[in-house]
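Order as written gives the chain letters A, B, C and D; numbering starts at 1 within each chain.
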Amino acid sequence: MTPKKNLRQQLHHIIFDYDTIPAKAFDLVLIAAILLSVMVVMLDSVAAIHGAYGQALYGVEWFFTVLFTLEYIMRLYASESRKHYFFSFYGIIDLLAIMPTWFSIFVPGTQYLLVIRFFRVLRIFRLLKLVKFVKEAEFVKASIIASGRKIVFFLFFVLVTVSIIGSLMYLIEGEKNGFTSIPKGVYWAIVTITTVGYGDIYPQTVLGRTLAALLMIVGYSVIAVPTGIVSAEMAAMHEKLEAGRNHGESCCQRNARDPEARFCKICGRALE
Amino acid sequence: MTPKKNLRQQLHHIIFDYDTIPAKAFDLVLIAAILLSVMVVMLDSVAAIHGAYGQALYGVEWFFTVLFTLEYIMRLYASESRKHYFFSFYGIIDLLAIMPTWFSIFVPGTQYLLVIRFFRVLRIFRLLKLVKFVKEAEFVKASIIASGRKIVFFLFFVLVTVSIIGSLMYLIEGEKNGFTSIPKGVYWAIVTITTVGYGDIYPQTVLGRTLAALLMIVGYSVIAVPTGIVSAEMAAMHEKLEAGRNHGESCCQRNARDPEARFCKICGRALE
Amino acid sequence: MTPKKNLRQQLHHIIFDYDTIPAKAFDLVLIAAILLSVMVVMLDSVAAIHGAYGQALYGVEWFFTVLFTLEYIMRLYASESRKHYFFSFYGIIDLLAIMPTWFSIFVPGTQYLLVIRFFRVLRIFRLLKLVKFVKEAEFVKASIIASGRKIVFFLFFVLVTVSIIGSLMYLIEGEKNGFTSIPKGVYWAIVTITTVGYGDIYPQTVLGRTLAALLMIVGYSVIAVPTGIVSAEMAAMHEKLEAGRNHGESCCQRNARDPEARFCKICGRALE
Amino acid sequence: MTPKKNLRQQLHHIIFDYDTIPAKAFDLVLIAAILLSVMVVMLDSVAAIHGAYGQALYGVEWFFTVLFTLEYIMRLYASESRKHYFFSFYGIIDLLAIMPTWFSIFVPGTQYLLVIRFFRVLRIFRLLKLVKFVKEAEFVKASIIASGRKIVFFLFFVLVTVSIIGSLMYLIEGEKNGFTSIPKGVYWAIVTITTVGYGDIYPQTVLGRTLAALLMIVGYSVIAVPTGIVSAEMAAMHEKLEAGRNHGESCCQRNARDPEARFCKICGRALE
């Protein structure tokens, strides 16, 4: 093994794994840096802060950009398949997150695109692996996936309802009441069925209000459906987990606990 | 069999079934055409787009109208009972969806009624049959039906609450605060209990606000009821499905499926 | 038996029972009359309709008032304990519902109080007994009662949260941003935690918005609690009902279905 | 035992326990005093009431301040570890709740800080111990704790979503539509995903509205997740409680409890 290969392997371990102290430290420092850099972009977007500390924040921004550029180069260098990383979701985000600052040298104003950096916040999910939240995350993910098809069907239903009622409202209310086009009507219907209700557009005719009231009551009852789906799915998963947990207990003991068993179902021994 | 009868049978198969490639293709093309035509109606309703591309969109509209007219004639021709199709829900929608464009030749402006075409989007539910979502759709439908009577009772309760509180608010707040009539008060109560909360009408007196706060907290707690109903119903259905899978198996067979069991726990016989 | 006593008994049966045709008819006619009279009060509150048909609606109002007065007298006459009926919840509502019209002869304007008549709509729940919805109503009621104490605890928690955050917001936002008093701050907190969000009052300072965002996220997560309570309660009740349904099935048959039973638990006969 | 020591012990019992009549009475009187004093602060914040009764309310405020000061001294005196009480959560609140009025002698206006007294309302949870609500409170608490990690994961997901979409909206909508900074965009996203929807800020461009509609539908489906978590957790706890009730019984005993059983279904022995 050449020393260079060793360096690359070491880097790969630090960057992509999370089971030794340096690997964990890298993840923690990276997440802290991402959160700080995002906070800087956030603060800089506030006019008053930009006015007072704009210069300083610009410096900090360059600091993080150089840091993330180094990180990007390291990742590219250390990854097993560079092509794979380059075209991966995170690879693209990592690149896009540093571009705007570099581009701002040539084209002023591109800095504005720094919000892309917010997508790097997704790396925070790596934290879950550090703090042993994986089981919980897996549970939530698994039950969402298990409910997936049913929820897609439900969203299907919502979208059809929303298109039909949105277009009817355009017909009923018309431009003078803010329903200037069918897409706006559909937007209103989504705002209403999800019970967000901004109040930027709302029906003003009697017929429109009646239809709106109907839509609200439907939306109110219909929210029960995805909740019911996920609840039932999670309850089912709970039972499976519970069953799994008992698995592997010393055989007769477990069977003895079953009030109805007369023979151990594992070893066939008669139970006392 | 005469060739003509054969043609009709073939058409019937293509239009009403979905188990061969041409039948599937017909459904897919039809749904795409419906979605496109609906999108055209949508876009045309936006003033800016209508101004720029109105003429072109008008052409596309006629294209789809002719297409759907042909489809309608084909359906009428191919259906087993023409009368039955003509008076069916989809038959009426299919007809209404093409009428406005044809009528616009004689009476300008009827085109406005094209939004009826949005109801054709309901045909999209046929897609479920193509992508094998039927089981999920059935599950959701079955649990909604099973919860049906309980949810009707719940809506009953909501409607009574809403009428009483809506009329009280009319009394308390009066015209000067936007509660110009009892129906408007009831509309406000629906907007509030469903947590939509547009903010077009809201209480301004102390007593009105107190009553509104009460209604909100009731609405907030009460949303739990339909959700609980559907959740419980779905959990029950889950168990039934699970039980159905086990049902009908004999004693040893059932034990044999249990990965831990080596002896039947009922009769003590060794399992293979 | 004197004929007079017979008449009273007959009236009692017709008014208070619902198991013969005249008793059912009385209930149906009464509910129809209540709904119609309420609709008249509703329509009369709309300025435009009052202007055009005010005179006619006034006549209809008198018609219903005389009708309900006769009904009230009949109820009082036929009830087993007149005192009991007079002071019962429905007795008071029945009386209050007819008073405003009679009083309007002497004091003009009391008619305004006719909205009290809306409480009579509660009689509609009698319908449930007619259409055999009792079981569903009982199920919903029973699970709400079973969840009752837990939901009271939850509302307790909500009220404490809302008072503390409402008073803090009054301190943070102050009068200039609409939080003119602590009660108003509490009202805002209720509007927010229940996700109604009218938008009549909303935070405008950075600190206020941060606290509001916190309250929203708490409210969003916390809504899960009452729903979870009712769902769990309903699922438990479902299982009890299911168990109850199997009860009374011919003994050995039921035991034979239990895959684990070797002896009928009722008659002790060995099962095949 | 010196009499002084006895007094301290007695005080400790009355203040910190709740199983004798004087101890219960102390709790009830204290909670009533807290609620009354909070109500006085509330009313005094209403300008009209302050104008009319400000002087009287100021007197009442001093009365409660002296009362709570006495209570604080008694608590400090009677507590087992004075240091522990002094630095405990309730100890700090008890002290802060009386400070503003005393300080207002020297520095006018500090009275404004009296809202801190609202935190004393938390003592109301002691009531639960008096009215035997403990079991329900424990049940709700236990299931919230059991769901805790899953809900934290869920909130994590919500926060990431809200940061990314909030920053994108700032880019899309810009200052002219009210999205003056990224923090404001994030605030808007929280208001939207929780379905509060004040309507103080809302998207006005086509792209912004599309993204908002997406966020709403996600929020609408995603609310199902915490609800599902808590529901499943509560259902599991229900079953555990139920199982706990049955746990530890021997075979025939358990069968004997079954109202239908006359013979033990396991061993076939006749039950008494």
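The rule is simple: a residue touches a chain if its C-beta (ideal position, glycine included) is under 8 Å from a C-beta of that chain, and two chains touch if they have at least 3 such contacts.
The UniProt protein names, listed by chain, are A, B, C, D = Ion transporter.
Bear in mind that the values here come from a model prediction, so they are computed numbers and not experimental data.
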Response to the item:
Those chains that touch subunit C (Ion transporter) and also touch subunit B (Ion transporter) are A, D
Response to the item:
Computed over C-alpha atoms, the centroid farthest from that of subunit B (Ion transporter) is that of chain D
Item to complete: Give a one-word verdict, same or different, on whether subunit C (Ion transporter) and subunit D (Ion transporter) use largely identical residue numbers at their interface, taking over half shared as same.
Response: different
Fill in: Where subunit B (Ion transporter) and subunit D (Ion transporter) are represented by their mean Cα positions, the distance between them in whole Å
40
Worksheet item: In angstrom, rounded to a whole number, how far apart do the mean CA points of subunit A (Ion transporter) and subunit B (Ion transporter) lie?
Response: 28
Worksheet item: For subunit B (Ion transporter), which residues are shared contacts with two or more other chains?
Response: 154, 183, 195-199, 223, 227, 229, 231, 233, 235, 265-267
Practice prompt. Going by the contact rule at the top, pick out the subunit A (Ion transporter) residues touching subunit C (Ion transporter) in the complex.
Written response: 195-199, 227, 231, 235, 260-262
Worksheet item: Which residues of subunit C (Ion transporter) touch subunit D (Ion transporter) in their complex?
Response: 149-150, 152-154, 156, 160, 163-164, 167-168, 170-171, 180-183, 186, 192, 195-199, 202, 206, 209, 212-213, 216-217, 219-221, 223-225, 227-229, 231-233, 235-236, 247, 251, 255, 258, 261-268, 270
Practice prompt. Show which residues of subunit C (Ion transporter) lie in contact with subunit B (Ion transporter) when the two form their complex.
Written response: 38, 41-42, 45-47, 112-113, 115, 118-119, 121-122, 124-125, 128, 133, 136-137, 139-140, 143-144, 147, 151, 154-155, 158, 183-184, 186-187, 190-191, 193-200, 223, 226-227, 229-231, 233-235, 237-238, 242, 259-260, 262
